[in-house]
Structure formats: C-alpha cells, structure tokens
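Read through the structures below before going on.
Here come two complexes built around chain A, the first alongside chain B, the second alongside chain C.
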Partner chain A sequence: MNDYANIWLHRLKWTYLLLVVLTLMTPVIYVMYISFNANGFGANEYVFTMEWYGLIFSDELLIGALRWTLMLAVVVTVVTVPMALLAAKYYKAADNKLFPVFLLLAPLFVPPDILGSALLVFFKNLNFAFIWFGDQMRTSLFDSWFRLSFLTATIGLIIYTIPYSFVVILITMGRYRPEQTEAARACGANGWRAFWDIEFPQIRAGVFSACSFTVILVFNEYTRTSLLKGGFDTFTTVLISQMLNTGMSEQSYAMSALVSFIAIAVIGSIILATMLRAETLSRVARAKAEPVMS
Partner chain B sequence: MTDQKAPAVDVRNLSKHYGDFVALRDVNVTIAAGEYFVLLGPSGGGKTTLLRTIGGFHKPTTGEILLNGQSVGHLPPDKRPTTMVFQAYALFPHMTVTQNVGYGLKVAGLPKDEIAEKVDYALEQVGLSQFTHRKPHELSGGQQQRVQLARAIVLDRDILLLDEPLAALDAQLRKDMCLELKHLQEKVGITFIHVTHNQEEAMTVADRIALIANGNLIECGNARDIYRAPDKAFTASFVGENNMLRGKVSEANGTSVIVDVAGSKLTVDKRGLSVRDGQEVDLSIRSECVALDPVNGTNTPADGVSIVGSFHESVYLGLTTSHMVRLPDETEMVSRVIADSDDSLPAAGAPVRLSWKPSDIRLHVD
Partner chain C sequence: MVLFFALPMAMTVVFSVFERTMFWMEPGFTLFAYENFFFSARLTNFLNSMKYSLISVVICFVFGFPIAVFIRKSLPQVAQHRVVLLFILPFMVSEIIRVFALRPVLQRNGLINSTLMDLGIIDEPITALIYTHTGVVIGEVLSFLPFIVFSGFLAMEAVPKYIFEVCEDFGVGPWRRFVDVILPLAAPGIFAGSVFIFVNGLGVALLPNILGGAGAVNAGLIATQAITALDFPLAMAVSAIMMATLMTLLWIGHRLFDLTKILSPLG
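This part shows the complex of A and B:
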C-alpha cells in the first residue's frame, strides 16, 4: 500500500480476497468437519471422533482405489511433464508460435465427455485393428494392447494434463534468457549439459509445479478416467459411484479430508519455504550490497 | 591439427540468408592472431550475425569459416576455439561469481584446485577478486561484464568474441571499460573480435576495423585510416563527423578532378579512381578540417578548396562548437572548432566561406 492509497479501499480488497478464499475452501472445510463426526453426514448430533481415519486403512475398496490413482498419477506425471517441457522448449524456439500453441492447447477446449468418448471409440477400434492384425500374423501377441486398461487411462490422462503442464512450464520459462544457454555453449557445454546446468535450475520451480499440478489433475479427473480405465477404480470414481448410489461412506469423507490435509500441507509448506527463502536471500543481498572499499 | 601460420579467422565468401532476407552477402575478411578486430556498423547491418556465425551460433548459407586454418562450418559452439562475451543477461543467475567464472573449466573436467587457481587469476585480471561469493544480481552492470570477461579469458581460447559488450553500460563506464578491454587484450594476447555500433568505442580499442552495413562488408582497415581516409562514401558518413557533398564531375584530367557542388567548383584528388565528365560523385570533408570565415571584400575568390554559404547557427558541445552553414542547394555543412567563444559569430543568414586544405577533401565514386 502506498502513502496515498485509501485505507478503506485497501481493507475492502483484503475482505474481498478473504471472501473468495472462504468461498473456495468452505466445501473442503465442511468435508473435513463431517469426517470428524461419529454420526456421519446429515446427523442431528455432532460427536467428535477420529475413528473414521483409523478405518480408512481397513477399507479395501478405498485403499485399492488410492493405490491405482497413485500409480496413474506417477506414470502420467513421469510421461507428461518431460513431454510438456520439450513442447515448451520447442515453442520458445519456434518462429511461428501460433500453430504449436493451438495444437497443445486444443485438448483444453474439447469437453471432457466428448474427448473421453472419442478416445473410447478410438481405442476400441484400435483394439479391433490390432486383433485383426494379430490374426493375420497368426499370433495373439497384439490382442490386448488397446483393450480398456491402465494404458488407455494413462493415454487419456496424458492428453488431458499436457496442456496444463505446458502452460505452467512455459510461464516459468518466460523469464529464462536464451543468452545463458549460448553462454554455456561458448564455455564448452554441449546442449544437454547447458540445459541441465543452466536452464533447468532456473525453471525447476515450473517443472515441479507442473508435476504437482499433474498429480492433482489425475486425482481430480473423473469423466475420462471412468470411460477409459477398464477393470479398476480410482479414488474419484469410487467417491462419485458412492455418492450416486449409496452416499459417501464415513471413511470416504475421512479419506477426502486426509487427501485435502496433505495437499494443503504440501502447498502451504512450499509457499512458506519460498517466502522464507526469498526473505533470507534479500537479507543476504542487502548485507552484501554494502559498498566494498578498495 | 592447427596451422600456426594461418590467420586466427578467415571468412571466405560468407552469406547468410533468413528466407528472403539477406543478413550477410559474400563477406570476405581475414583476422590475424592476436589482433583486436572491431566489426563496426549501424544496427541491423549484419555485424552480430557475422560474429555469431564465427562463434557457431548460426550456420552459413554459403561460404566458409576457417579458425586457425581449420574449417569449422560443421562444429557447434562448444567445439570451436572461441568463447563469447554477450551484451547482457548472460551470467548464470543461480551461480556465484566464482562458479560463473569456473563453469567452463568444470565442464572441461579440470580438478577443483586447478579451477580455483585459474578462477582467482582471471578475477584478479578483471579486478573482481573481492566479489567472488556474490550472485550476478548483486553486481553492477560493469562488474557483470567483467565477470563475463573473466569467464571467457579463463578458458584460454584463441579467439574471444564480444557482442556489444559495453552497450548496456553508461557513457563514463563504457569509456573506462574500453581501455580496460584494450589493456586486457594486450595482456592476454589472444584475438579479440568486438562488435559495436559506437565509433568512439571502436576507435579506442581496435587495431583494425571492418565496417558492415546492409549485409555487406563495406571497408576494412586500421582505425586511423578508416577515420582519416575513408575509401567509401558510407564509411565517411558513418565514421567521424564528415560533411557529405554530392556533385557532378566537370573536368576529370590528370591526378585531380573538378566537381560542381552547389554552384562552386571544387578541386579533389582523383586517388586513382576512374571517373568521367558528368559523373555524379560524393565528396567528404571532416567537419574539424573545415574553417569558417565571414565573406567580405578581402576574401579571395573561389579557389577550388572553399565554398560559400549562409551562416545558420552554432551549437555549443562543450569541448567543441559546431557552426552550421547552408549551401545554395540547401545542403548543410558543419565546421567544428575547439572554441567556446561566440563573440565573433556572423549573424544568421550572413554569407560565409568554408575552406579546407586540398588534402582534406576526398572523392568517393561508390
């Protein structure tokens, strides 16, 4: 706030900001609140308990779904983020930027139901084609390549998450000066070494943010996953299935709250660490900036 | 194997095209080992393209580059005997000064103690021994450029390329750094190729200067010749403060020609150039070689080394004063003198005579 700003306008801005955050977080806080109620959702009486958290790990359905979700998240992140990084590097170097950015962001503009159904039909036909090809070759080697499975869900999620990762990495890359890569090359580093020693440390925050974002997106995604997953369940498909059929179990509330706690703790720690580091660096810079007598 | 007698850089028939745009056109230049060579020219003329092509950051469209006698067209920047200092933003911001300077040595796989020793020596050379643990953002612009220099010279490469290394610095710092660069080059003895659009910077550091404009190498020579005796009209118009006059040859016999300029007949040394009667030519005279006198009854008549015009105005520039004179054809000429007294200035519009020594005016036919 500068010296001439209106104090009430300043307070109004902060109130607005807090209201936005509260609106966004209230449903999550409500789920956390229910997760500690011994009588579950909708009960007249609220009795605090930690029991549901203890029961999470005995709920085979939830733990199995969580395991599949984590596996999907890891595989999708490992594939998506390097692909997005390469795409961002290509984009930065490209003369015509409109075409690559259109290609990369196009999946964002296709509604999830349509993209999921399109991929479902595509994989089914691809599966038939592979089976036919195997039959011609008199082998069953190609029979299950594109049957709905972990692979098809992974491909669907990669298509879904790449645009987000690309944008997140590109934002961090925007501040990177290509002269530094050239300077590294002039110092004798080959292309990979220049990237690893000079560029990567400066875009690392973007790459890690893209990883976190991809994991969250995989946890969050329902439509494409449910259409392409084959014979296993993810955390979201279990929760939505429960809500549509019997209502969420108390363990599910506890699991949702636990995942939210972990996500908030991780993101909060990153923000806190970044702020503390910035403060330390600025203190060191101020100390060093004292004139050196020579 | 490196040819010890070969020039440090030999550029042969080099052209560089970007689609329809021609950045360099059939450039030929040879730079001797240990020479401080400056590529001078206006922005967008192609000098940085030439430098970056020598450094391996651009591939030539046609032509060849030989470094120490070896063709290097197929080699990337890290495999060439060159290193480079950039205009700005090229220090690694996440590394300290020591780490920046030692980076190339680390890449080369040298032992840590040897790296430390070489880095200390390089930082001493550029006067930054007390800033070793600072990050680039904790240094001034001049200090950052010194770190770049140290990072380049520590590698002991044969050729150092400098791409407008002083352009981001203020005027005084640029002057100081110019001299430092020159002294550093004399100390380390390697070939420096320095790109700049600033002629004062070029004159301060260069053994030889190549003038580049519109993708062409216009002229190449030692700094004094480029300034005092430019061969091409473009060189005269770009380097120094030259009066450029356009005229028509009225007589071209023997060793001199007579050129009609704004109603006066000027005598100019032919310099062995081929000219014919009626040909349009350019003449150049450095403004500091032009004397200004009021026209009165005692003035000698037209003598081939003077021209009459009307006084326009004077501009005080500190060390010098520039007197502007309009010729009858509206061409403006400048007489620059080391004086700051305006007591005896003619009135605006008064007739004046501008004169010079016969050897100060030059003929250009390009």
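This part shows the complex of A and C:
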C-alpha cells in the first residue's frame, strides 16, 4: 500500500519528520527562549527583556572578535568557493573519480580535534623548517610565514569548508547539461565565455548557496579556529571561553541565540529564495507549454 | 588539499615517534607515545568510546534512515531537496552552541526533567541524562543524525521508485523489502553516513567534555588533553590511530560497496 492510498499514514510520517527536526532544534529554541528572560535560566518567573542583547554590543572584546570573524569569513569564502567550483568541474570531467572523491570528502570524516591537532603540529614544524631555511640563506624573510596566525586559521578553515562547498555546487551542477557548453564552443565562444554566459547562470544558485554555507561554517567553527588562530579571537572563541570560564551567563545565552538567529535567517532566506525561484520557473514553463490560441 | 590536508594527516605518523621535550618535541624514534596510549587507561577509554559511538550509529540509523526513505519514496521530486534543507537548519547552528544548549535541556532542573515532573510522569529528576555516557550518546545523536538523513537521501537515489511498486506487486512485506532490496542498493551511502557518525563520535572532544562524566573520554579529548599538557607526540599518536581507524573503515567500505557511488547521483 503506498502513502497516498493511506493519507493518515502519509500524515503520520510527516509528523514524525517534523518532530525529529523540532527535537534537533529544541536546544537552540530553548536557548533563544532563555535569552529573553530577565531572570535568566531556571527562574520561576519569566520576564521578557532585550537587555542581554544590548550588553553584547557594548562589549569591546566581542566587537573586535566579530570584526576578525567577518574578515576570516570573507577571505575563506573568496578562496574556498572558486576552489570548490574548479574541483566540481574537474570531478565531473574526471574518468577516475576515486582520488578526487577521497581528497575532497575526507576532511568531512576527520573529527575537528584530530584535524586541528594535526595542522597545529604541522604548521609549527613548517614554521621551524622555514626559519631554519631562512637562517641558512641569512635572511629573515621566511621567519613568520607559518607562525600561528590569520593565515594558518584561514588554511585550516579552507580545508574544513571545501567539502561542503564542493557538494553544494555539485548538486546544482547535476542539473546542467554539458552539451550546452559544447554548443557554445561550437558557436565560437571561448572557454571563459562558455562558462560565464552559459554555465554560470545555471549554477549561480549553488555558488551563492556555497558562499552562504561557507560564511556560516566559518562563523560557527570553534575547535580548528581556536587551535590555529594564534593571537586573535573570533566570535565563537570569545563566546566559548566565556562559557567555559564563567558558565552559561545570561549574556552567553543571548550571544548563542544571536548567532543562531543569524544562521537560521540566512538558511531560511536560501530555502525561501529556492522555493520562489522554483515557483517562478515552473510558472514560466507552464506558460510556455500552454497552446497558443489564435 | 594534498599539501594542507593529506600531508599533515600523514605526518602525524612521523611526529608521533618523535622524542618529547619539555615544551615541544625533537626528531628521533621512540614508540613511547604509543606505549602511553595502549598500556594505560586511555585504551580502555578509547574502546569504551567506540562502544558508545556504535550505539549512536545504530540510534541515528533507526531514527534517521526511515526519514531519508520517506523523502525519496513519498515526496514529489521538487519538494525533496527543500525537505532535506530542513535538516541543514539545526546543523547550521554552531555545534558547540548546540551542545552547550543541551545542558539546560538535560540537567537536573532542565527542560526535560521539569516538563516530565510537571506532567506528573516522574517524581524525582532523572540524573542520568547528563554527565554520563548516556549524555554523550544523546549529544552524538542530536549532533550527527542529520548526516544519516543526507547520506541516506543520496543513497536512496540508487533505489528507483518502481522497485517499491514491483515489491508491492509481489506482495513483499516492508521488512523483506528493506533487508533484501533497499539495504543492498543503498549500502554505500548508509556505510558512509555510519562511518562519519562513528569516527566523529570517537573524535569530537566537545561532547564528552561538556555532556560526559568522569569516565567519558574519547580520542579527540585525549588528543586535546595531550596538547594542553604539551605532550605533542601523544597527540600525534592518537591522531595517527584515528586516521588508521578511518582509513581501514573507508577501505573496507570501498572494497565492499564502491564508495564512489555515493556521489554518482550528482554526476
């Protein structure tokens, strides 16, 4: 018996699906709820307030961290998304897909603490090797290339975000027919124009989604960033160090809720935009399919 | 990726046999870090975390995979990706925030206990929900369940819709259909999702750190504690052991199911 034959079974499955999503979101929703309580967590009386949010923006340390996080997010996105796009194009064209699949998806399987530790020790050793090389050449030019810094944090985050961007772009590329590129080339377009004028408009949604995902992932990442960042702080590292040192204060709840609100707003916008676009496209397709009455 | 991912991961083996110094390490050859791991309570903790990660994999599969089947089998093509996006939503909120946020939900006077007590279902708060292995398993399931939905969703691409109709025509029941038809066809995706959950259960230090009690220690936590104690060779030995575990699992998976099939629906 299929689902549509038994509408109640279908509805039951939908209810289960939404219940699982709600369960996954419960901790976040509960944090948002507490963040508006003037009396904080566990209080008998709930008094609505925005006070804790106001305190976040008066915190100099946090604003500085926010600036670093945004900078990191921009740089990582600018590097990661084109690399993921090239990787997806290479993957589509490759005959042997085992090596690209392994290399591009393996970082997903390596836990953050393990990848972070391995990169930390690798960069420290690389830094020593560069300093030694500089000493041999009697120059200080190579001294701080791989000292823990913005650069090492950026590399760590690029490694972390590439698999996500790659998969997102690959999903949109799945709908693109390569014959269109061949047709454009046959009409005299060079490789760049065939990509920019024909292929890119069709995979644009995937590329922009990959950008949004990368920004959110960088914004939320803690373990790798804290191991590789060196002397600066990001939004999440400040938040977590406050949580670890003083426990979950009301301000911590507000900060967590704020980060969650931003992430949900971005993803919500993507879902909404995708739905609207699909609706528009299907309306156009329906209009084209209708017979012309003359 | 080769320079800053494959090479650093391979180098963990080399660094793990270096000699430990006061604040760093120096080139040499010693297996002391491995001795330190295999002949101490760390091995017991590692094996214990393997057991609990396996439990998490089973729970995630039981709760998550039917969702992937439902999305593929029962929803129209255009709606499928949008429904999958719903599972990305919790995943887009920082894992550390989600795990921290579980504390006020699971603790003694938290959401679950106070709701159950208000409803009169329990008289005393349940204390086993947090700072125990159960707390870690709950955290792992809530953190990683979306992955079994994603991988299951991709895996179900290998199961054409007409197969369900054929099974119906032959009067095959849901259990036989699942074991004899869906499971073999969707095996690569299920395996990849399970390995992801298993390895991350072993390696994400955050979960036992925040939700686990005294005995809840996994490989990630051992590596992090070793770095804090400036025992870099031990941290690298743990990383090398984790990589060997991961590679072995992926190799077995590839031999059995050809893991490149996971991305084949995407082109």
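Keep in mind that, in the parts below, the second predicted complex is superposed on the first by the 276 of 294 C-alpha atoms of A that agree within 3 Å, B and C clash if a C-alpha of one lies under 4 Å from a C-alpha of the other, contacts with A are read in each partner's own complex, and residues count from 1 in each chain.
We take it that contacts are C-beta pairs under 8 Å (C-beta built on N, C-alpha and C of every residue); 3 or more make two chains touch, one makes a residue touch a chain.
Keep in mind the model is a prediction, meaning the values are calculated, not measured.
Colleague: By the touch definition at the top of the document, which applies to A:15: first (chain B), second (chain C), both, or neither?
Modeller: neither
Colleague: Tell me which partner A:190 touches in the superposition: chain B (first), chain C (second), both or neither.
Modeller: It touches chain B, and chain C stays clear.
Colleague: Taking the superposition as given, does A:139 touch the first partner, chain B, the second, chain C, both, or neither?
Modeller: In the superposed model, A:139 contacts neither chain B nor chain C.
Colleague: Please tell me which partner, chain B or chain C, touches more residues of chain A.
Modeller: C
Colleague: Taking the superposition as given, does A:170 touch the first partner, chain B, the second, chain C, both, or neither?
Modeller: So A:170 only meets chain C here.
Colleague: Using the touch definition from the top, say if A:202 reaches chain B (first), chain C (second), both or neither.
Modeller: A:202 contacts chain B only, not chain C.
Colleague: When the two structures are overlaid on chain A, which partner does A:120 contact: first (chain B), second (chain C), both, or neither?
Modeller: second
Colleague: Please write out, lowest number first, the residues of chain A touched by both chain B and chain C across the two complexes.
Modeller: Chain A residues touching both partners: none found.
Colleague: With touch defined as at the start, can you tell me which chain B residues reach chain A in the complex?
Modeller: Answer in residue numbers: 55-57, 76-78, 82-84, 86-94, 103-104, 107-108, 130-131, 133-135, 137-138, 148, 151-152, 155, 161.
Colleague: Contact residues on chain C for chain A in the complex?
Modeller: 1-2, 4-9, 11-12, 15, 24, 63-64, 66-67, 70-71, 73-74, 78, 81-83, 85-90, 92-98, 100-105, 109, 111, 142, 145-146, 164, 168, 195-196, 199-200, 202-206, 219-221, 223-224, 227, 232, 235-236, 238-239, 242-243, 246, 250, 254, 259-260, 262-263, 265-267
Colleague: Considering only the defined contacts, which chain A positions touch chain B in the complex?
Modeller: By the definition above, chain A touches chain B via 177, 179-180, 182-191, 193, 197-198, 201-202, 285, 288-289, 292, 294.
Colleague: Please output the residues of chain A touching chain C within their complex, sorted ascending.
Modeller: 1-4, 10, 13, 16-17, 20-21, 23-28, 30-31, 34, 41-42, 91-92, 97-98, 101-115, 117-122, 124-125, 155, 158-159, 162, 167, 170-171, 173-174, 213, 216, 219-223, 227, 236, 239-240, 243, 248, 252, 256, 259-260, 263-264, 266-268, 270-271, 274-275, 278, 282
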